[in-house]
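There are two complexes below, and they share chain A, which is joined by chain B in the first and by chain C in the second.
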Partner chain A sequence: MSQYHPPVLDAKFILDQLIGFDGLCEKLQLEDINIDLADAVLEEAGKLSSEVFAPLNWDTDQNPAQWADNSVTQSPGLKEAYQQFVDNGWSTLTAPEEFGGQNLPQVLGTAVSEMWQASNMAFALCPLLSIGSVEALLAHGSDELKALYLPRLIAGEWTGTMNLTEPGAGSDLAAVSTTATPDGDHYRIKGQKIFITWGDHQMTPNIVHLVLARLPDAPPGVKGISLFIVPKFVLDENGEPGERNDVYPISIEHKLGIHGSPTCTMAFGDNEGAIGYLVGEPHKGLPYMFTMMNHARQGVGVQGLGISDRAYQQAVQYARERVQGKNKDGSKKPIIEYPDVRRMLLTMRSGVEAMRALALEASAALDFAHADNNSKEKYARLELFTPIVKGWMTEFAQELTSLNIQVHGGMGYVEETGAAQHFRDARILPIYEGTTAIQALDLIGRKVLMDGGVALESLLSDMAATANELSASSNADAQAFGASFAQAVDKARAAKEWLLTNAPSEKELSQAVCFDMLMAMGYLCGGWMQGRTLLAVIALTDANDDVYGEEFLAKKRISAMYYSQCLLPRALHHFGVMVQNPQALYEFAVDQF
Partner chain B sequence: MSQYHPPVLDAKFILDQLIGFDGLCEKLQLEDINIDLADAVLEEAGKLSSEVFAPLNWDTDQNPAQWADNSVTQSPGLKEAYQQFVDNGWSTLTAPEEFGGQNLPQVLGTAVSEMWQASNMAFALCPLLSIGSVEALLAHGSDELKALYLPRLIAGEWTGTMNLTEPGAGSDLAAVSTTATPDGDHYRIKGQKIFITWGDHQMTPNIVHLVLARLPDAPPGVKGISLFIVPKFVLDENGEPGERNDVYPISIEHKLGIHGSPTCTMAFGDNEGAIGYLVGEPHKGLPYMFTMMNHARQGVGVQGLGISDRAYQQAVQYARERVQGKNKDGSKKPIIEYPDVRRMLLTMRSGVEAMRALALEASAALDFAHADNNSKEKYARLELFTPIVKGWMTEFAQELTSLNIQVHGGMGYVEETGAAQHFRDARILPIYEGTTAIQALDLIGRKVLMDGGVALESLLSDMAATANELSASSNADAQAFGASFAQAVDKARAAKEWLLTNAPSEKELSQAVCFDMLMAMGYLCGGWMQGRTLLAVIALTDANDDVYGEEFLAKKRISAMYYSQCLLPRALHHFGVMVQNPQALYEFAVDQF
Partner chain C sequence: MKILVPVKRVIDYNVKVRIKQDCSDVDLSNTKMSINPFCEIAVEEALRLKEAGTASEVIAVCIGPKIVKEQILAALAMGADRAIRIDVEEQPEPLVIARLLAKVAEQEDAGLIMMGKQAIDSDNNQVGQMLAGIMGRPQGTFASVVKIEGDEALVTREVDGGLQTVALKLPAIVTADLRLNEPRFTKLPDIMKAKRKPIAETTAADLGVEVTSTQQQLSVAAPATRQAGIKVASVDELVDKLKNEAKVI
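Up next is the complex of A and B:
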C-alpha cells in the first residue's frame, strides 16, 4: 500500500502566511498558542496518521465491519487505533476547556483532521461525527445533559452519531416520521433511521445517538422535528453506562467504499421504546442541526481534500517507479517525465493545494467569527464558504482520485494496488451530509439571494483586491495571474448580478443554475487562495526567507501558476454555463425522459 | 436490477437520417440491405440484450469468473447466454460471406454492439475481442490459417484473445520480450502476458490467442515484433481441437469492475513451449495491430456509450419513483421534477445521444472507406475519428455513470442498487485498448500533425457547412445552435493553426496539450452530430413525418438544444486550456513532486 506523507509544511505555510495564525490566536485571546505550537501539533498528528492509521487503510477495506445478532464489530485493528487516538488526546483538540478540551482554534483542528481523513477515511468518520454531537450538545443541551455527556464524548470515551435520514426522508427532512412520546422525565423513541454512520461498534463502552423525531403535538413538516439524545446504554445514577437501551443496528449496508465505516439501519424502540432525552426546546431540531452544519459539512469537504492528497501521493510514487519507453541516451524513462502524466499530477497537486488553503480559510472564518463575537459579517463569510467547501471539494475529489487510477494504467484497476479504494471511498462524499444539489441550493438560496448578494459581494471585493495586488506586482507571474484572476472575478460579479436580477421572477431558476454556480465559486475561491499563495511566495522569496526554503517556495509558485492557467478557467466555464439557464430543463414531461 | 430498454428507434433515426444508411448500402453494393432490414436487426438484438444479457449483469458482477488449477470458469449463466448469441448468428453479423459471415455494414454492427455492451459489458467483451482476432487474420493471415480458423471464429464456435501487454510493456510495446523460436513448420512461444481479457473460459471448445512476440533475429524495439496465432488446443489433421497447447492462465486479477470478464495472466511455454504460427510476415506485428486498431478502439468507445445509456436509463427510472418533498397541492413530488435532477438526466441523455450519433458516424466512416476502395481521404476521416471515439467517449462515460450514482443519492452508494456496478465497470474504459493519453497522442501526432492538418481541416469544413446551414435556417433554435457551433468551429480552427505553428518547434508541446485537444474535439464532434440531428428534426417536422412521431422529434430537439447550451461550451473550454501550454508542466524535477 502507498505510504502517506502528512502535509505538515504546507499546512504550516497556509496557517502562517495566508490565515495569519498568530494574529488569530491573539484575537481569540489564546495567549500560549502560536504557529510554532501549531507546527508541533501538526507534526505529532502527522506521525499518528502516517504510522498508525494509514497502514490500516487497505486492511480495513478488505475486512469490512461485520454485523451479527443486532450488533456491529468494527474492522480488525481499529479498536486499538482508536485507543491511541484517544490516549493521545486528539479528540479533545478544539473542544472547550470547561469540559476537558484543549480549546485550540478550529482551523488547527481542520488541518489535523485532513490527516486523519487522508490516512484512513472510513475510520476517521467516527471521530468526525462525534464532534457533531459535541457541537449540538454544547449549543443546545441543558446543563445537566452537558455535564453527563460532554466530558465523555470530548475525551473520546464514548462516540456520537447523527440520526437524521429515514427511508422516506433523505434530502427532504420534512418527512421524518420517527416519534417521541413523553414518559416521565424522558421520552420513548420509536422509528427507523437509515444510513447511520458508525451507528454501532465495540470501540467504546457507550455510543450517544442524536436523533431527530416528532413529539405527539408536533406540527407537520420541518417545524415539528425535535432533537433527542439516545444513549446505547442508559446512564445509571453515577452517570455510567447501565441498562441496554432499546436501539439496535438491524443491518449494515454493502457499499461501494468506506467499508471500514459501518453504515447502519438503526431500529429505535422495536421493543419497549428507546429512552431518549430532549435536547433544547421542542420542535427546534432542524435549526439545531443547522448550527452544527458548518462544521460537519466543512468536515466532509476536508475528507475530499484528504483523500485527494492521498491519491496524489500514490500517483507520484507510482509515476516515479514505473518506467515505459526510453530517453534518448537509452536509459529507461519513468512515466513521471511524460508531459501528460505531469498534467495529471499537477492537476492533482495544484487542486489539492488550492483545496487545502480554502479549507483552512473557511475553517478560520469560524474562528474569526468567534473572535468577533459572531458578528453578522464574519458569520456570513463562514456561511458562504461552507457549501463551497463541501460541494466543490467533494466533487473535485472525484476527478482527482480518478486521475490516480489513470496514472496507474491497468494496475490502477487492480484492487490490490489500492488506487481503486480511494476512488471508491471518495464517491460517497458528494452524497452524505447533504448532496451537492443541497449545497448548491444552500449557496444560491440562503447564502446569496437571502441577503441580496451582500456577503458574496464582500467576498468578491476581497478577491478583486487580491487581483489588484497581483496585477500591481513587479513580478511577471503575479501580473499574469492577476490578469486571469481579475477576469474571473468580473465574470463572477456579472453572474451575481444576473442571478439577483432573474432569480426572483423565475421560480425554478435558482435550482436550475445552482450546480454550475457552486462549481464556478469553488474554482474561483481556489484561485483566490492560489493567488494569495503566489503573493506570499514572492514576498518570502524577496525577503530571502529561510523558514520554508527556496525549493518549497519554488514549488508553490509552480502550483499556483498551473492553477491560474489550467484550473481557474473552469470557473469561467461554469459561470458561462450558469447564465445559459437552458429552457430544455423544463421541457421534458416526467414520462418523456 | 434496472431494466434495459434498447435504443432501437434512436439508432434507426441516426442510421437513416444522419448516416444515410440506404445510400451507404448502395455504395457497398449490398442490394438486399436497407433501413427496414436494419430496423429488424436492431429489434432482434434489442430483445436478446434486454431479455437475456441484461438480467445476468448483476449476478455476473457478484459471481466473478473463478480461477483454479490453471483454468478459468466463467460466471454462472454466461455459457448459456453465449450459446444463444452464437445460435442466433450474432457473431457472424459483419463478417465476410466467404467465411460464413453475413457481410452487413460495420455501422449496423456497431449499433448492435452498443446493445451488447449496455446490457452486459463484462460478457460482451468476449465477442468484441473475437472480432479483433478475426480482423487480424482476415487482413494478414495466410490462406491456410484463414481456412483453419476464420470459419470457427466467425461462427463463434471458438473465441479469440489479444495478447499484447507484458509486465514491463504496457503503453510502450517496444519492450515486448516474449520470444518465438522456429521449430519445424511452427514456432515455440515463451513468455508471460498480463491483463489478457477473457484469456480462458469454458464457453467454447477452443480459444485462439493472438500473441505479439520476438523472433530470434528480431531487431530491437517496435520493429522487431511479430504476430502469432496460438490456439489453446492445437488443431489436429481434421482441423479439430487436439492436444492441449502449452499456454495457461496462471492467475486472474481482482478488479474494481467487469468482474464477469476474467483478466488473465497467461503463461506461454512454461513447459515445452507453446506452439504458435506466424501471421503474415516477420517483424510486422505492430503495423498489423494497427490495422485492427480502428475497430477495437471504436469498440471500446461504444462500451462507454452503452454503459452510459444503461446508467441514464437507471437514473431516470429511480428519479421517477423516488419522491422527496411535495408539490404545492400537497401531492408527493418525484425527484425527476427538480431542475437539478433534470440537469443531471439531460446531461446524460444529451451526452449519450451525441455519443451514439458520433459512434455510428465514425463506424460508417469505415464502411464509406471500404465503399470508396479505401480512398486516402475517406480513410483519413475514419482514422481521425477513432481516437476521439475511444478517448472522449470513455472519459465522458466516467462522468455520466457517476451522475447515475448522484441521482440515486445514498442508495447509489449501496452495491445492491447496481448503479455502483456501472460506475465500477466503466472505470476500465479509458485505460484498456490504449489509455486516453495514447489516444490523445495518436490524435495530435498521427492524425493531425502528420498530414499537416489536412484531414482535420476537411472535418472542420464539413462542420462549418453544418454551422452555416443551421444559421441560415428560419428556425430560431437552429439559428441559436448555429451561432454557438460556428464559434466552436472557429475556436477549433484557431487551435489547429496554433498547433501547426508551435508543435514542430517545441518538442514536448504535443504531449502537453493532447488531452485537452482530444476532449475539445470530442465535445465538438458531439456538437456536430447534435447540430445535424436538429436539422433533420426540423426537416422531418416540417414534412409532417410519421415514421418517428412528433414526440420523438420533440425530444431530439430538446436534447440537441441542451447540448448546444451546456455541453458544447466544454469544447471551447478545452481549446482554451490547450493553448495555454503551461510551462509549469516542465518545471518540476522528478523528485520535486
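Up next is the complex of A and C:
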C-alpha cells in the first residue's frame, strides 16, 4: 500500500514559527526542552509510524479483530506493534513525571499523535483511549487509584477504555442506565455498554474500563451519573491483575471502516456484578467527562487531519504515475498535469496544512492554559477551539479522503488500491466522541451564547490583528490575503452579533444554524493559521532562512494563497447561510418528510 | 572493554541527491542529514556487545563542525554512553580521518573500534583499513557477524565467494556490513536522556594531526537519466537487442 511520509518538517515549522514552542516550554518551566528536542522526537516517531505502523494498515483492514467465547483477538501484527510502541516509551510522552511520564507539552503530543493516526488509525485509537483514561484518573482519581493504575496505564502495560454509550444513551448521555451498587469498599456494576472501542484484546495483561453508571440514590438525568473504574482483572493485594472481573465483550461490530479497532458490546455484571471503584465524587461523572473532553475531542480532530494527509500523499503518488491523454508531441500525460487534478491535490494539501496548524494551535491552547494556572481567558480559548477542531476537521476529512478516491478515478473505488480504506476509516470521525451536531451545539451554545460571545470576540480580535498585519505588509501576497481575510473576519463579527441578538427570542434558531456556524468558524480558523503561515514565510524568506529552505517556504506560500483564494470563501458561504436563517428549514414539517 | 564508534554525518539515504549548478559539488543546502547508515549499524552492534556484558562503555566519535551535534545526539539517544567531537571545518580525507581516530583510540585505550564499512556519501571504504594500518592492529572488514570470545573477536566477513570467519586479537578494528544487524528504533526516554550525556570536544591540533589534503574534487555529475523502455515483438528481437544494442550478451 501507499508509503507514508511523516510531516516532520511541517510540524517543526508550525511548532517553531506559529506556536513559539521554545517560549511555551519556558512558560511551562520545562528545562532542556526546545524545538531541537521536539525535532528529534518527531523524527523518531516518524520512523516508527512509517516503518512499523503504516505497513500494517492495510493488513489490519483486511484482517479485522475476531470475537469468540466472550473474548477478542486483535488483528495479526498489532500485538507486536503495540509492544514496540510501549517499549519505546511512546505512551509516556505527555504524562506527568510523577507517574513515569516524560511531561512533554501537549502540543508535541499532538504533533506525534498525528503520525500514529495517519499511519494506522484503527491501531492508534487504542493508545489514544488510554490517554483518555489517564486524564480522567489524573484529574479526579483518589491518590490510591492513581497509585494503582496510573503508572501501568502510562507505561502502556495496560490499556484504557471509555464506556459511555448504551443502546438508549448515545448523544444524550443523561439517559445512561447502567447501575452501581455499593458493596463493601467497592461497587457492583451492572448494565450494557455498546460501541466500546478496544473494549477487549490480548495485547496487554489487563484493561482498565472507565464506566459511567448510576448510584442507587442518584438524581435523574445528567446530575445523577458517576464515573467508575472497572478493571478486566481485579487487582490482587500486590496490585497485579488477579481474578477475572465480571465484564465481558459479548460481541463485536462489523463496520464500514477501522476494522482493526474492535468495537465491543460490553456486558457488565451479567453474573455476580462487575467490581468497580468510584472515581472522584458521586454524581459528578458527566462534569468529569467534560474536563477530559478537550483532549479527547481534539484527538479525534487530529485523526481527521492524519488520515487526510495520508490520503493526500497517496493521491499525489497516483497522480504522478497514472497517464491519461496525450501532449501535443504525442507523449503521454500524467494526470497530475491536468488543472482539475491539481485543484483536488491542492485542496487536500492546503486543507491539511491549515488543519495541522489549527490542531497544534488548539492543543497549545491547552498548554498555555496550564502554564497560566488555567486562567479563565486562556481556558475559554481552548474550550472554544475544541468543537471546531473536532467538528470541522472531521467533516473536512470526509471531503479530502473522498478527493483521494476521485483522483484515483475508477481505481479509487476498487478496494485494492487502498484509497477506499482511508475514506471508510474516516467516516467514523464525525460520529464518535460526539457527532458533528453535538460539536456544533457545543460551539454555539456553551462556547458562544453562554458567555455572550466574549471568548469568540477575543479570538476574532486576534484574527483582525493578523488581517491588519497582512494588509500592512509590503508583500503583495500578504496584502491580497489580508483583504480577503479581513472580509471574512467582518462577516464573522456580523454573524456573532446577529446570533446574540436573535438566538434568545427564537427557540430553534441556534440549533438550526449551528452546523453552518461550526463550518464557517472552521474555515475561518484555518484561514487564520494560513495567514500566520504566510507572514512567517515572508519573514523567513526576507531573512534568507536556511533552516526550512527556499522550496519548502515557496510551497507554504502557495498553499496559503490557495487557501485564501479557494477555501476561505467557504467561510463566507457558511456565515451567509447562517445569518440568512433559512426559513424553509423551519417550514418543512416533520411529517412532510 | 571500551568500544569506539566513529559516526559520520551524511545526506539522508532517502533524499534525492541534487548537484550544484556549477557541478562543483553535491548541493547540501536545506537537505536532510542523518547518521551514515553503516555507522548506525556499528553503533547498534557496539550497544549489543555492551548489553551482552562484553563491553563496558560505548563512545561515539564524530568529526566535523558544530552541526554534527545532531548526529552525535542521535548516537547518544540510541544508547552510546558519551561522545567526542573533533572540530574541523570541512570533511577531511580518509587518511586524515584515520589519523584522528587513531589518536582518539589510543587516548581512550579502546579495545574495539566498531565502524561502518563506508560512508554513503563519498563511498570510499578506506578509513577502517587505513586505521588498522596506522595503529598496527588487526582488521575484520565487511562484518556480518561479530562475536567476542576471550581476547579475540570472531568476525564473519561477507566476501565474494561466501562467508569467511577470521579471529582477530583485540584490540582490533571491525567494519560493519549491511547485514550485521538491524538498528533499533530509538526510545523516547533515551532521546530525553541524550541531552545530558557528556560530549567532549577536541581539535586536530590538540590531537597533533595535521589536516592536509592530497586530493582535489574536480566535478560531480548526476547519473544519466534512464531511457524509456521499449516493447520487443519476439524473443529473437530481444536477443538481438541485448547482443547488439545493449551489448550485454
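Simple rule for what comes next: the second predicted complex is superposed on the first by the 591 of 593 C-alpha atoms of A that agree within 3 Å, B and C clash if a C-alpha of one lies under 4 Å from a C-alpha of the other, contacts with A are read in each partner's own complex, and residues count from 1 in each chain.
Everything below uses one rule, namely that a contact is a pair of C-beta atoms (placed from the backbone, for glycine too) under 8 Å apart; a residue touches a chain by one contact, two chains touch by 3 or more.
This one's a predicted model, so the numbers in the text were calculated from it and none came from an experiment.
Of the two partners chain B and chain C, more chain A residues are in touch with B.
In the superposition on chain A, A:Glu508 makes contact with chain B only, while chain C stays out of contact range. Shared-chain residue A:Trp498: touches no atom of chain B or chain C.
Look at A:Tyr548: by the touch rule set out above, it reaches chain C but stays clear of chain B.
Contacts of A:Leu37 after superposition on the shared chain: chain C is touched, whereas chain B is not. Contact with chain C, but none with chain B, is seen for A:Gln102 once the two complexes are overlaid on the shared chain. By the touch criterion stated above, A:Gln406 is placed in contact with chain B alone, chain C being left untouched.
Look at A:Leu93: by the touch rule set out above, it reaches chain C but stays clear of chain B.
In the superposed model, A:Gln592 makes contact with chain B only, not with chain C. Legend: residue contacts after superposition of the two complexes on their common chain; A:Lys47 is shown touching chain C, with no touch to chain B. When the two complexes are superposed on chain A, the residues of chain A that touch both chain B and chain C are 551. Interface of chain C with chain A (complex): residues 29-30, 73-74, 77, 185-192, 194-196. Taken together, the chain B residues at the contact with chain A in this complex read 165, 168, 170-172, 174-175, 194-195, 253-257, 316, 319-320, 323-326, 334, 336-343, 345-346, 349-350, 398, 402, 405-406, 409-410, 412-416, 420, 423-424, 427-428, 430-432, 435-437, 440-441, 508, 511-512, 514-515, 551, 554-555, 558-559, 561-562, 565-566, 569-570, 572-573, 576-577, 580, 582-588, 590-593.
The residues of chain A lying in touch with chain C in their complex are 32, 37, 40-41, 44, 47-48, 51-52, 84, 87-90, 92-93, 102, 546-552.
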